[in-house]
């Protein structure tokens, strides 16, 4: 097996699951999910450091890294009830965004083509462009909805002379036709970006963006239910992109562009759980974890749990196809 | 007075209260509460550091350490309206869990026997086994309910070859008969531990565990009210065990096993206030504060406030026996 | 222009806006707002460090410091739709509180007299005494209401031999007649300070202080609406004083006297937005940011956003005089 | 005993020694040394935080705080072979430098008058003005030499409108006549302060300042020997003032004005040991420890050891009057 | 292969070398060196945290973890020119020092018996007792010299009721006869421990301890040469025990008991290189790295390099048996 | 003036000097030195973060940022006795190394062509390729010597698919002919990189690399004197490239690839002072400062001082052409 392994640091897999190799589909035959790292931060518009995100997300946990994680609320094990493998990192030299994105797109396409759901550990948000393009390459341009948790719309125009970068992926995906504008669902936006020109462009694309004041006014759960009800029209499934900065900086200090006033980690975890339980997941990324700015690993652990929520819901769908959420919100122990 | 003092660092008392000595009951005659440190972290399953918790909890405050703390909402002073003394630390060599637990149990028993409520500052959660056993030694096996705030159930079976450790105290207390399984009330559980075998055992013991998804669905206050209504059947009072990791890591980064998605510090403080105001407190511990992982002391200050909430409610019960919560939730200043 | 510049660190302006000079009113003719730094921490009763607050608040942002900040929810730009200038710091030697306060009062008076709204970046809370006195010098003693977000009442009597300090400004303002006691609105109080004597004095002044248990019971929004409805009787406008420690330490660790159990950053931002949109703002300060205790700048960024919320609301009032909040809580993008 | 105690934090003594009270000389009768805290940072020209220095220096140690410290090289115990007491802090409100300095000078004078050597734990370097003045009040103006370890000359003229501050003490001491200019010995100067005007003034006072390039060229030990040989002419003894920033920032990051290229901690410890062993010590201060900027307490521990070196040498002088350094540099264990 | 793996965190090997299993000697047949982790900190007398040392030492490096490390000065590759394997961690529950030490001794004995040199990554210094005992079990009691770099003698008597702990290993080794007292060589001692009683015992054992003042006076290189010349009399080789706190806290903040005034990292690396090149190494440990107190991993990287220096010298001995140091101190590139 | 300003953070100049604009040579006519930032970290092989180096190096100082810095040892002011301007940052998108390097080379060429000495603040070491190429464009290929302080040779072959990166600049400069291999002087190399193939290539280029063991054996000053004597043969001057990681990680933790065992900050400062005083400086860069990994700014301050040492020596050469070092190593104050 000619595994590339980790671009930075020791070659570890997500919580100790078995490895596989992108270029050798036999190594992930019948896999439900293939995790891969996208250790790229050349696209950040401010603080870099997300290149060390994949290693941190894979290992940030106080429990033994033994490839088992029974979810207390769902009563399913995302690592044991599914076949989940870790393909290591895609080589992404941060000084060459274009080549890096090409490499990543190829890897995602390859995995999706072979029937597994790719989960990509970023890296800065640049990676969502190749991530979703790879999924669309397999499932059809215009056939993938994107549900996008973020403080920022990431629909910016050229910055620092480039359209590849962590402020642009959503624009690129719409412009290429990979995703239809009206199949974009953005949750958690706030702050002072973008400006009116970009907002006008977003409107024209018919994107649906929930800014925090709307979320506060209508209720977070209402918003999530609305997205579940409406997001997948004409699509075969959705890509879930979680920028960790959607969460308030108190819970996610370890990121490049922290914007105060975000959702809580509890809200994010519950939303991911529900979305994946209710809608067909085609791919996912968790991005913008920058360990150098983290404290006691709280951001990395949160990102690790975001991945586990998705895996747990997938496992629950397999285990309890009639109702993956049947144990959720119920007393933990029977008889009481 | 042959006071042992502090095991680590300078010999300080909780916010400057007077000292006493465990082995000399005369020194704490008529005390309402005796605080003691349990500087042990040999039982941690991951990050150690909680041995330095007692010193941090005692002193983490920006106010003068002058043995007075008037509670703004309750209008009672937990340090002045009560007689609260600090016995210093119990000697607990982290490399010898068994001897350490024996020492601590003896100290707690001694204090409870002499009529004071012991409040133990951990230390890792291992200490709750001797803490509650000591209380039960005095108030009767099976006569003490345990209300337990934690991200984790701590009912695990043998780990690293030992049943003494921070993952086991609740199992030990039930197995020994010190506490009946159905008098265990756990609030805040979440994440990926324990597995089905342990959950099954917990069910068989008839424990009542509120996982976060149930808490979210039913409301935190509802849960607390339910615990208040039901917890003390057949018991003479309750032991309150607060693992600081019940709170979200954003508010309590300084701990060994942080699990994202916890309750807020506001919720914890209010719950402690109400529980102690409404039910007879027999003993209490606050555990798993690991200063090396803290930032700007926010975890230690929170733990300090958790102790003060309990003391303030005890003081309010003494001062306003008709309704300890009479000032709570009211406008702070009269006439407006 | 004989600009004083920054007392500590490089001479930077708030997010890159143009500079002006206090002593030369022509430099801020027609300005809507003049920002100035008050780099003083000689009045702190515990941790110092707030002297470095002004520089941190001015620059803590991941976006380009290009004097434009379009507010996503309000659709107004606090830096472009208004004329906002930065006068640099007032010289405030921390070892001489009296002279420092005199300097600051003169600067605030000067700016207010020339028709601009002063926004002062603290510094410890001592500065609110000269800040509001300066405003009252211009708008009339007794004519200014104070809306005050804080964990602490700051109405203390002499401490360390002085009545100038961060625990006293509200007492001084009432005693001098600058502000009537019953025009003081305090939001977010909690913890263990002050004692009964001071509370009695506060009652006698007819202050209105919302302690956290009242806020929890009645709802934060209800409280804010009540303040909007009642605060300005007999006054021409209000001064907004935001002590960053009103927010929970999880979101604002970088401060001198962190008290657990505070409001969220989301709540603070929304409240500032609404208060400024609904009531005439005469002046404002944001205080107690101590960068040495911050982590990844999350406290400084929050303080920066508090200033921007106020500026954005002022801009929205200018741009949409009929309803500055018209876009707030609405779907971000038209047509969806 | 009406002990003031600690201005900030818990009332602890230096490594657990017995307390005394400045205002009650009977409490330190026959004491060899009285330690006191000077928790003042209002005089800092940049980062504040040194007010928390005294508490940190007193307690920063991994050994039990049991009032014994046998010095391995000198074979004398600075805490047991001498009578050393801790008077707690002098009240020094940082917002009032003048009153604070007056309080401190009175305390130092009082202690010295009663025959004990005062050791003052700063606090910023402002405190050396009252420290040495207090000593000179007792031993005679012009009769005290000052040996001063520092990166900075601290002979500056008025700054921020004041001549009280951490950049001025040496100027004030010379101007008042407390210390003759030619009895000032400064070791470790470097960097970019002061300018030519101040250097000219220093030359005129006939100060002797060893800049790092001279120290490197001639050797640190040579310089120390020269100071020992020449410093005390016409004086009855010396005051030792150690600004922790004399040491390279790698060993002392926890300070307000770190200047790269300093001496090593080894050099500082050895120099203090030798100077105190060879010359009569009249008083000492250790200043500019700012815990907020420290890491893992390495700066505070170093400052603690600087104090202990002086105490150990004093003890060695008492124990081995013929040669206090007799064990130094010898094989630790006899027979080998 | 029934590998235990890592006790904490992901199962990684030292810089990516191949794994082996202690209980299956076939897996390390013909190995030159077997590395193992001793993740124990139950024996620490103050700060804990060294249990996470093994994982940190294995991976703290910016270079690819690819099992090759060509030493620039020695021109030999410690990982490629030798057969070095990593056995993972020995299970050492910190709450049970006795069982833990027994497990470790068995593992070391097993490895040494099979002909490989064990290198143990601590863990607190407690582990040196089982480490050296294991070596002596194979090479003979009294036949192993110990060269011990440390700030502390670690020859203490019972503490906290136990003789197992990080202050006692050297006493235990001498008392058991594993090592003769006069074959103990301690380098770097300083500070305020132990007291005269213990020093007397050490003298009686004829230990040779170089305190820093002797090292300064005679020169570090002289001391190392003396140790090389004299240490091995009557012994077949030496055990090298490196407590990272021998180095000054500036270079090794990440440790439990930092003592200012230590040797430099340069000195430690050169000494390890030379000792291993000149004398037969039987075993080695590197202890007391506590990552929670480290900064930017500088302590962990240093410990990693200490291991690599030993491995590089072993490789150089194999590659250049005539003179392992032949390239050392020479111009790096030929022809210049 | 169409100044680009700062790529990240506020637009500040080096310690408050006047700004200029690269594209408008009139703005730096007659300048002795033009400083510019190269905020690029796309070429780092491990930790990123050096893109924030320029801002940190410009402002990391406790003294007023007032464009004056009188050097204590040299008695010359690098900012006042010379005309030094700051051109702001060159736009360098980290995701496009090629374009970034082209932009930087053009900027350096432009400045050098107009007669000023460019000083570039990195950024990662990638920037030295365009830096020196820009100098050679003006002074002639093969006419520039490079004196290079670094832990690493930076002569690596293709990594991550690219020859642009922080491990390659020296190779590129030799291959392009910009610098002759035998005019390369590397000081401070150590550790485990590069391998034999690269060393062989370096030998063939006739580079001169001083590894730490040679430096230790011969003495640092001897090495510097040798470089001064021999380096400039056939050249018109030298480029000084300082990778901050040449210094031991204790003094420079804030960097991407820290290698233990480096030179001291004192040695680096003295060497830069002497080299610039003795040899004609054509250009300079200071690279690899990564603020996210720094502590209390000690690395950034050191880098700031490295720049100041060079400027001070240039000023001294102008002021004391007969002997720029005449005051160095002399008693600071005349008459003593």
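Annotations
The first chain written gets the first letter, and so on, giving A, B, C, D, E and F; residue counts start at 1 in each chain.
Definition applied: contacts are C-beta pairs under 8 Å (C-beta built on N, C-alpha and C of every residue); 3 or more make two chains touch, one makes a residue touch a chain.
What you see is a predicted model, and the numbers here were worked out from it, not measured in a lab.
Here the chain-to-chain distance from chain C to chain E, counted in touching steps, is 2. The set of chains touching chain B and also touching chain D is given as C, E. Both chain B and chain C are touched by A, D.
With centres computed as the average of Cα coordinates, no chain lies farther from chain F than B. With respect to chain C, maximal separation of chain centres occurs for E (centres as means of Cα atoms).
Work out the mean CA point of chain B and of chain F, and you get 56 Å between them. Put simply, the C-alpha centre of chain E and that of chain F have 38 angstrom between them. Averaging Cα coordinates per chain places chain B and chain E 40 Å apart. Contacts with at least two other chains are made by residues 46-47, 248, 250-251, 293, 295 of chain F.
Inter-chain contacts occur between A-B, A-C, A-E, A-F, B-C, B-D, B-E, C-D, C-F, D-E, D-F, E-F.
The touching residues of chain D, counted against chain B in their complex, run 6, 9-13, 16, 58-59, 65. Chain contact summary for the complex, chain D toward chain F: residues 45-47, 182, 189-196, 199, 202-203, 206-214, 216-218, 248-251, 253-254, 256-262, 293-295. Interface residues of chain D, counted against chain C in their complex, comprise 7-8, 41-44, 46-49, 51-52, 91, 93-100, 126, 160-162, 164-165, 292-293. Contact residues on chain B toward chain C in their complex (touch as defined above): 62-63, 68-73, 75, 248, 250-251, 264-266, 269-270, 295-298, 301-302, 305, 308, 328-336.
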